[in-house]
Amino acid sequence: MIPISWYLILAAALFSIGLFGVLARKNAVAILLGVELMLNAVNINLVTFWRYNAPETVTGQVFAIIVFAVAAAEVAVGLALIISIYRNRNTIVADDLDLMKW
Amino acid sequence: MQITQILFLIFAAIILGSAFKVVTTKKMIHAAFWLIVTLFGVAALYAMLNAGFMAMVQIVVYVGAIAILFIFAIMLTRKELLDSAAPLNKNWGVAALFGLLSFGGLYTLLRNWEGFSNKASALSTDVDMITELGTALVTPNAYLLPFEVASVLLLAALIGAVYVANEAKSD
Amino acid sequence: MQNPWIYVGLFVLVGMFIPIAAIAIAAFLGPKKPNAIKQSTYECGIETVGDSWIQFKAQYYIFALVFLVFDVETVFLFPWAVSLNKLPLFAVFEGIIFILILLAGLVYAWKKGMLEWV
Amino acid sequence: MEFWKDPINTIFASLLKSFTSGGMSEILATILIWLIGILLFVTFAMVLDIFLVWIERKVVARFQDRLGPNRIGPFGIFQPFADIVKLLIKEDITPVGADVIMFNLAPIFSMMSVLLLWAIMPFAPLMVGVDLNVGMLYLVAAGSIGTLSVIMAGWASNNKYATMGAFRTVAQMISYEIPMVAAILVITVLAGSMGAVGIVEAQEIPFIFYAPLTFIIFLISAIAELGRSPFDLNEAESEIVAGFHTEYTGMKFGLFYAGELLHSFTFGGFIALLFFGGHRFFGLEELGPIVGALIFIGKALFFYWVIMWVKYTVPRIRIDHMLAFNWKFLTPLAFILLMVTALVGRLFLESNWLVPALFLSNILIAWLTVEYLKSHARKEREKEEALKPSTQMTQH
C-alpha cells in the first residue's frame, strides 16, 4: 500500500511547479496554465485526504467538485480577458500590460 | 516494492515531468498538450485512490473542456506573439527560488504532521459513493448551498466571459 | 479484484497497442520514396501561402465557453440524477433551480447574439 | 451447463486454476488472463470493424441503386481484406512542417477512444468487460479523448484546411455533446444508476416508452458526435477539402476511417443499451448469456443501419445552421425534458401510472415544441416578406 506521504509530496511538488510557472512565465495564457497545475495539486490533496482519513464521508469529493467548478469559472473569465486584451493591445505578454501601473 | 507503488511512481514521474514541460516549453500549443498529459496522470491517480467518479470528472471537465478552451484561446492569438520571445521573464531565478521555498515549506510542514505516514483504511464496498454524493449535494444540512452557489458562480462566469469576449468581437 | 480501474488501464494499453501495431506494420511494408513535391502541404495544388496558424474568429471561443459551463454543470447533475429516486421531492426542485439558473446564462448569450455564426 | 450459464467467468476460473497451479501469484495471473481476454476482445472488435466496412459499402450501394463490391469472394465479402492489404502497402507520407509525434499520435488516439468504449459494453449480464458505477460518465470521457485526437490531427498537419476543419469539427462535437449528456442524464434519472448493467436491469419496459423524445435527441446528437451525414463536415470538399485528416494517407487514414465506422456501431450498441433494453428481447435472453449477446449485437447492427439510413438519405447541413440548431433548439429542449422527466418520474415513482405519465408528458412537450416552431417560422416568414416588397409587386 502507498503511504499518504507520497501523494502529499507529489501534490506539493506539483503545486510548486505551478507556482514557478505563474511567477516566471511571460505569456498570460501560460500563467493560467500554471494556475491550473496548482488547482490540480489542491485536488490531489483533497481526494487523498478523503481516501486516507475519511473514506466513509463524501466531504473530500464535494470539495474537489467545487474546485472543478471554480477552475472552470476561472479559466473561462481569465481566457476571455486575455483575448479581449489581445484584441485591444495586440499583446499578451504579462510584463507589457502595465497600463494600471501608475 | 509492490506493483501499486511502482505504478504510483510511474504516474508521479509522468505528472511532474509533463508539469515541468508545461512551465518551460517555448511553444504555447505544446505547453497546452503537456498540460493534457499532466491531467491524464492526475486522473490515473484518482483511479488509484478508488475515486472513479473524480477520475472521470477530471477527464470530462479538464481534458474535454478546459484544455480545449486553452487550445482555442491559444489559436485565437497570433503565433509570433506567443513563440518568438523567450518563454520565461527575467525574474525566473526568483520564481524558481519561490517554487523551491514553497516545496520546502510544504514538505517541512507535512513532516511535522503526525498523520504523515497514515495507511489507507479499507473502503467499505456496500456504500455507493455517487448516491452518497448526490444525497449530500441536495441535503440542506450538507452541501445544498455550495451546490446552488456553484450554479450561480458558473452563470456569473458565463455572463462575464461572454460580455468580455463580446467587447473583443465588436472591434 | 477490488479496483475495476486496473481493467480499464489494461484496456487503454491494448487500445493503444493495436493501432500502433497497425501503423508499424504499414510503415514496415510500405515503400519509402519521399520527395519534395510529395511531401508538400496539400492545399488543392496551389502553393502554400503563409503559415497554417491563421487567425481564428472569437466565435469558436464562445462556443467552447458555453460548452465548458454546461459540461461542469452536468458533473453536478450526474450524482443528483443517480440518487434522485431515494431523495425527497424538494431535491427535484433544487436540481430544477440549478438547471434554470444555467439556462438563464444560455438565454443571455443568445440574446446578446453570441450564438450566431458570423 | 456451467459454461452455458456464465461463459466468461467459467473460462476465467479454469484459466486461473491452471495458471496458479504453476506457482504464479494470483494477482499476476488475473492480470495476465485479463490482458489475454482484452486482446481477444479488441481483436474481435477489429474483425467486426472489417466487416462493417463491407456492410457500409454494400448498404450504400443499395441505397444508391448500385451493386457494391461483388468481385472478391461471394457477395464481395473479402473486399475489405483487399482494402487492408492496399492500406498496408501504401506509402505513409508525412507532410513538411508537420509535428511528427502528434501527427502520428492523433490516429492512435482516435482509434483508442472508440475501443475504450468497448470496456463497458454489456453484451449480457455476465458478459461485460467491467461494470463501472460511473459508466455513462466514462462514455462522455472517451468522447472527449476523441475530440482531442481531432484537434491534434488538425494542428499537427500544418495545413490550413486541416486546422480549419479540425476547429469546425471540434466546435460541432463539443456543441452536440451537451444535448447528448442531457439525454444520458434523463436515462440516469429513470434508471437510478449510471452503470451500463444497472441501466439494462432497470428496463423491464424499454426506456423508449419512457422517453421517446430523448431518444430522438440522443440519436441526433450521436450522429453529430460521429460526424456522419447530415453532420459530415469532413466530407465538405468544397469548403475544407477533407477536414482534419486532409494530410493523412495509408494506414493512418485507415485508422480514422475504421474508427468512424466502429464508433457508429458502438453508438448503435449504446442506443440499444440506453433505450431498447440491451440484451432483452421478449424473454429470449433467458436462454443464456450467449443468446443475449447475439441479441445485443443484432440490435446494435440494426441501429448501425439506422445511422447509415440517415446518412445516405439526408443532405449535409451548413455549419452555422448546425450550431444554431444545437444551441437554440436541441440544448434547451433536452434540458426541459430532463426537468420534466425528473419531476414526473419522481411524482409517479413506484406507481403504475409512471410509463403513461412520462409518455404523455413527452407527447405534450413534442406538441408544444411543434406549435412554437410553427409560430416562430410564421414570424420569420413575415419578417422576410416585409423586407422584400418586390415580391408583392410581382403578385399583382
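Note that the chains are named A, B, C and D in the order they appear, and that numbering of residues resets to 1 at the start of each chain.
The rule is simple: a contact is a pair of C-beta atoms (placed from the backbone, for glycine too) under 8 Å apart; a residue touches a chain by one contact, two chains touch by 3 or more.
Small disclaimer: the values here were computed from a predicted structure and weren't measured.
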item: Central subunit by CA centre of mass proxy; value: C
item: Pair with more cross-chain C-beta pairs in contact, given B-D and C-D; value: C-D
item: Euclidean distance of C-alpha centroids - subunit B vs subunit D, Å; value: 29
item: Inter-chain centre distance, subunit B versus subunit C - centres from mean C-alpha coordinates, in Å; value: 17
item: Whole-Å gap separating subunit A and subunit C, where each centre is the average of the chain's CA atoms; value: 21
item: Junction residues of subunit A - those touching two or more other chains; value: 65, 68-69, 72, 75-76, 79-80, 83, 87
item: Residues of subunit D touching at least two other chains; value: 27, 132, 134, 137-138, 140, 163, 167, 174, 177, 194
item: Residue numbers of subunit B (touch at least two other chains); value: 48, 50, 52-53, 57, 60-61, 64-66, 68-69, 72-73, 75-76, 123, 128-130, 132-133, 137, 150, 154, 157-158, 161-162, 165, 168
item: Arrangement of touching chains [line / ring / star / complete / other]; value: other
item: Listing of all chain pairs that touch each other, if any do; value: A-B, A-C, B-C, B-D, C-D
item: Contacting residues of subunit B [partner subunit A, same complex]; value: 2, 4-5, 8, 12, 15-16, 19-20, 22-23, 28, 31-32, 35, 38-39, 42, 45-46, 48-51, 53-54, 57-58, 61-62, 65-66, 69-70, 73-74, 76-77, 81-82, 85-89, 91-92, 94-96, 98-100, 102-103, 106-107, 110, 115-121, 123-124, 127, 129, 132-133, 136-137, 142-143, 146, 150, 153-154, 156-158, 160-162, 164-165, 167-168, 171
item: Parts of subunit D lying in touch with subunit B, wherever the complex brings them together; value: 27, 102, 132-134, 137-138, 140-141, 143-145, 147-148, 151-152, 155, 163, 167, 170, 174, 177, 194
item: Of all residues in subunit A, those that touch subunit B in their complex; value: 1-10, 12-21, 23-27, 29-30, 32-34, 36-37, 40, 43-44, 47-48, 50-53, 55-56, 58, 61-62, 64-66, 68-77, 79-84, 86-88, 90-95
item: Footprint of subunit D on subunit C - complex, ascending; value: 1, 4, 6-8, 10-12, 14-16, 18-20, 22-23, 25-27, 29-34, 36, 38-44, 48, 52-54, 56, 60, 63-64, 66-67, 70-71, 74, 77-78, 81-86, 89, 92, 95-96, 99-100, 103, 106, 110, 115-118
item: Touch list for subunit B against partner subunit C, complex; value: 44, 47-48, 50, 52-53, 55, 57, 60-61, 64-66, 68-69, 72-73, 75-76, 78-79, 123, 125, 128, 130-135, 137-138, 144, 147-148, 150-152, 154-155, 157-159, 161-163, 165-166, 168-169
